[in-house]
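Below: a set of structures, written as C-alpha cells.
In the two assemblies presented below, subunit A is common to both, partnered first by subunit B and then by subunit C.
Presenting the complex of A and B:
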C-alpha cells in the first residue's frame, strides 16, 4: 500500500469525522445536526475501510447512515417545532465540558499507552464469509439468544402498547376527570358545576 | 466443529415454554388466567427436576461459549426455583391487578432463561446478550402495570440507566478484547494467550521483574476495561454509585416483579460476576480488588443509611437489597489470585449468602403480596397490628427480616458469618468491620417494621382477620422453612455449593502452578 495514499485517506477521513462531530454540537437546528451526524458516521465507515474491515464499513453505512439517521429525522419531524431547536443556553455546559475533557484524556491514555498487539490481516474478500460462518457455527448460541431477545422485546412492546377496551374506558374516565378539574376554575362552570360522573372523577 | 446441543436442552425447553404460554393465551381465550400461572409453575418445576437429575454429573463445554458444570446446574435449578416461587406468589396478584397474563408469565420465563444462560456463559458476548435478554424482560415487567404512573416511571428510569450501563459494559468488553485478543474466559485467562499480550505474561514480568516486558506498559486498556465492566455490572446489581434506579423501579413494579427483580436479577448478575472474575480476571486480581473493595464498602454504608429514612415498604426493601449487594461484593473482594483454596472458600461463601438472601427476600415479598392482595397498601405503617390480623404472615415477615438483619438461628447469620470470615482470612479486616457495623445499623430498620406488626393494634376501617390463599401460603411455608434450615444447618447446602465452585478455579490453579514452575 502506498504510504501517501493511506495517510491522505486517513487524515481526510479523520477530519471529516471530527469536523462532522463538532458541527453536531455547534449547529442550532436539530435537522442540520442530524445531517452532520451522517457525515461523521460516513467518515467512521471510511476509517473502517482503511482498517480493511470492509464488512463493518458496509454495515455502518447501511444501519447508522441509512436506518438510524432516518429514524432520528422522523422523530425530530414529529416533535413540535418550538421544541426542535437546541438554541437555549445550557447552564451545565462548564462542568459537562470538564467531564468530556477528562473522558477524552482517559481515552487517549488508554489508546496510546496500551500494547494492543498486532492486527491480524485478512484478505478483503474473505470477511463477510468468515463472519457468517462463525455466526452460524461457533457463535450460533449468542446468535440465537439475540433472536430470543428480540422475541421477548416484541412481545413486551405489544403487551405494553396495546390498548385494551378496559384501558380505553379508564383513559376516558381520567380524561373526563381532567376536564372536570379544569371546569372548576372556569367561571361558566361555577354557575353550572359539572356532575360527578363516577368514582374516578373524584380522585 | 461439532457442538453438543444436548447440553443446552433445558434452555431450549425454557424458550419453548415461554412461547407456548404466550401462544396458548391466543388459543384459549376463555380459560381463567390463573391456569396460565399454574401451567408456567408446573413447567418450571419439571424443567428444574430434569435439569438437576440429568445434568448434575455433566462437566462439559459448549464450544467455549457456555459451560455446563456443577456451577451452571446449581444456578439453573436455583433460578428455576426463584421463578417457580415468584409465579406461585404472583397468580392471585396478577389476576386481580394486571392484564395480559400470558405475556406476563411468558416474560418471567424469558427472564429466567436469560439468567440461566448468564450463569453458564464463558464468553463475553454470550454473557452480554443473556444479560440483555434478562434486562429487557425486566424493563417490560417493571412497567407491566401500565395504568400506574409509578410503574411507568420506574420502568423508564430502569431502561434508560440500564441502556447506559450496557454501553459502559460493552465498551469495557471491547477494551478487554483489544488487550487480550479474545472474548472467551478461557483465552482471557492467561495461559492460552500468546506472548506479551497476555495478562499472565505481564503479571509474571511484574512479579519477576524480567521477561523483557515493560511492567508499566500495556496496562491502561486492561484497567479501564475492568473498571467499565465493573461499573456496568454495578448498575445491574445496583451497587452504590450506580443505584439510583433501584428504589423507583422497586416501588413502581408490580409486587411479584419486585420480588423477582430483587432475587433473580441480583442472583444472575452475581453468578456472572463470580464466574467472570474467578475464571477470566482472577490472575489480574491486583488490578481490580481495590475498586471492588471501595464499591463494597460504600454500598454497605450508603444502602443501610438510606434505608433508615424509608416509609414505604418496597423502598425499604430496595435499600435493604442494596446493602445486601454490599455484603455480596465482599465475597468478590475476598477472591485471591495467590491462594486458590481461599478464593474457593470466598466464592462458596458468596453463593451461600446469595441463596440465603434470595430465599429470605422471596419469603418477605410473598408475605407482602398476600398482605397487599387483601389491603392494596404497601407503606410500613399499614402493617400495623398485622400480628393480630394474620399471625402467620407477621411471623413469616418477622423471621425473614431477622434473617436479613443477620440474627442467629436465621439464614442471614450463618451466611454473613461465612462471608465476613472469608474477608478476614484474606486480610480485609476493615471491610469485615464495616460489614458487621452496617449489619447492626440494619437491625434498627428491620426492627421498626417488626415493631409495627407486633406492638400496635390494627387501625383503620379494615381490621378483621383474613385468609391467605392456599398456594401462596404453601409457598410461604416452604420459604420460611428454607430460611430456618439454612440458618440452623447450612452444612449440606454449603457442601453442594463448594463442589460446584471448584470448577471455577481450575484454570486459575493451572496458571498459578505454571507460574510457580517458571
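Presenting the complex of A and C:
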C-alpha cells in the first residue's frame, strides 16, 4: 500500500470517528445520536484495521455496531416521548468546555512530547491464534469472570426492565397524565399507587 | 502503520469529546453514549500500544485488554439501559438532574 493512500485512509477514518462523536454531543434527537454513534464506531473499527489489529476490528463491528446500538435503539423506542426534547444542555457548559479543552491539550501534549520508544514497524501476525492462546492460558481467570459477569448482567437487565402488574398500572397512569397536560408530569402522581387497605376492611 | 503519535492525538480528541458529552448533556442515554466514546478511545489506545510494543517484550496483552473492555461495556450498556427504562417508567423522565430522589 502506498504511503499517501495509507495516510489518506487513516485521516479520513479519524475525521469520520471524530465527526460522528461531535454530532453525538450536539445532536437533539436520541435516534440520530445513536446513528452517529454507529458511524463513529465504524470509524474506530477502520482505525483498528489501519493498526492491522483485524480481530478486534471484527469484534468491534459485531458488538458495537451490531449489538449495542440496536439495544440502545430498542431502549429509546420503548420509552415514549424520550427521543425528542433533548435540546437543553446543563447550564454550566462554559466551565465544562474549559475543563475539556484543558484535558485535551494536556493529553495531546503528553502524547506528542513523550518518547514512547515505539519500535515495531511490522504487524502482529496470527493474532487470532495468539489471542485464543492467551485467553485460555494466561488470562483464564478474567475470561471466566467475564463470562459470569455477562450472565449476571443479562439476568439483571431482564429483572430490571421487566414490567409486572403494579408497574403496568403506574405506567398507564403516567401515560394518561402525559396525554392530559403539556408533558410536565408531576412525579408524585405516578410513583406510588395507593396501598390496598383490606386489613382494615376485614376487621 | 500510522505513527503512534497520530493515533494518540486522535484518541485524545475522542476522549475529550466524550468528557464534554458527559459533563453537558442531561439525558441519561446520551451520557451513556459519551461514556462509550471514552471507553473506545481508551481501548484504541491499548491496541496502539500493543501493536507498537517492543519486539522483545511484544505480546498480545493490549489487544486482549481491549477485548475485555468491550465485554465490560456490553454488560454495562445492558444494565444501564435497564435502569433508564425503569427510571423512565417510574419518574416519567430520563434527565439525570431531575432524578433526585436520594438528594436531601
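One rule holds for everything that comes next: the second predicted complex is superposed on the first by the 133 of 203 C-alpha atoms of A that agree within 3 Å, B and C clash if a C-alpha of one lies under 4 Å from a C-alpha of the other, contacts with A are read in each partner's own complex, and residues count from 1 in each chain.
Assume contacts are C-beta pairs under 8 Å (C-beta built on N, C-alpha and C of every residue); 3 or more make two chains touch, one makes a residue touch a chain.
Quick caveat, the model's predicted, so the values are computed rather than measured.
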> Touching A:8, do we find subunit B (first), subunit C (second), both, or neither?
Replying inline: neither
>> In the superposed model, which partner reaches more residues of subunit A, subunit B or subunit C?
In response: C
> Does the superposition put A:21 against subunit B (first), subunit C (second), both, or neither?
Replying inline: second
> Of the partners subunit B and subunit C, which touch A:70 in the superposed model: first, second, both, neither?
Replying inline: neither
>> One more residue to check, A:142. First (subunit B), second (subunit C), both or neither?
In response: both
> Of the two partner chains, subunit B (first) and subunit C (second), which one does A:155 touch, if any: first, second, both, or neither?
Replying inline: first
> Does subunit B (first) or subunit C (second) touch A:115, or do both, or does neither?
Replying inline: first
> Same subunit A residues contacting subunit B and subunit C, which ones?
Replying inline: 116-117, 139, 142, 146, 149, 152-153, 156-160, 167, 170
>> So in the complex, the part of subunit A that touches subunit B is made up of which residues?
In response: 106, 109-110, 113-117, 137-142, 145-146, 148-149, 151-153, 155-160, 162, 164, 166-167, 170
>> Could you list, by residue number, the parts of subunit C that touch subunit A in their complex?
In response: 1-21, 23-27, 29-30, 32-34, 36-37, 40, 43-44, 47-55, 58-61, 63-64, 66-68, 70-79, 81-86, 88-94, 97
>> Under the stated contact criterion, what part of subunit B meets subunit A in this complex?
In response: 1, 3, 8, 15, 18-19, 22, 62-66, 99-100, 103-104, 106-107, 110, 113, 117, 123, 125-126, 129-130, 132-133, 136-137, 139-141, 143-144, 146-147, 175, 178-179, 181, 196-197, 217-222, 224
>> Show me the residue ranges of subunit A that touch subunit C in the complex, using the header's touch definition.
In response: 6-7, 10, 14, 17-18, 21-22, 24-25, 27, 30, 33-34, 37, 40-41, 44, 47-48, 50-53, 55-56, 59-60, 63-64, 67-68, 71-72, 75-76, 78-79, 82, 86, 88-90, 92-93, 96-97, 99-101, 103-104, 107-108, 111-112, 116-121, 123-124, 127, 130-131, 134-135, 139, 142, 146, 149-150, 152-154, 156-161, 163, 167, 170-171, 174, 177-178, 185, 187, 190-191
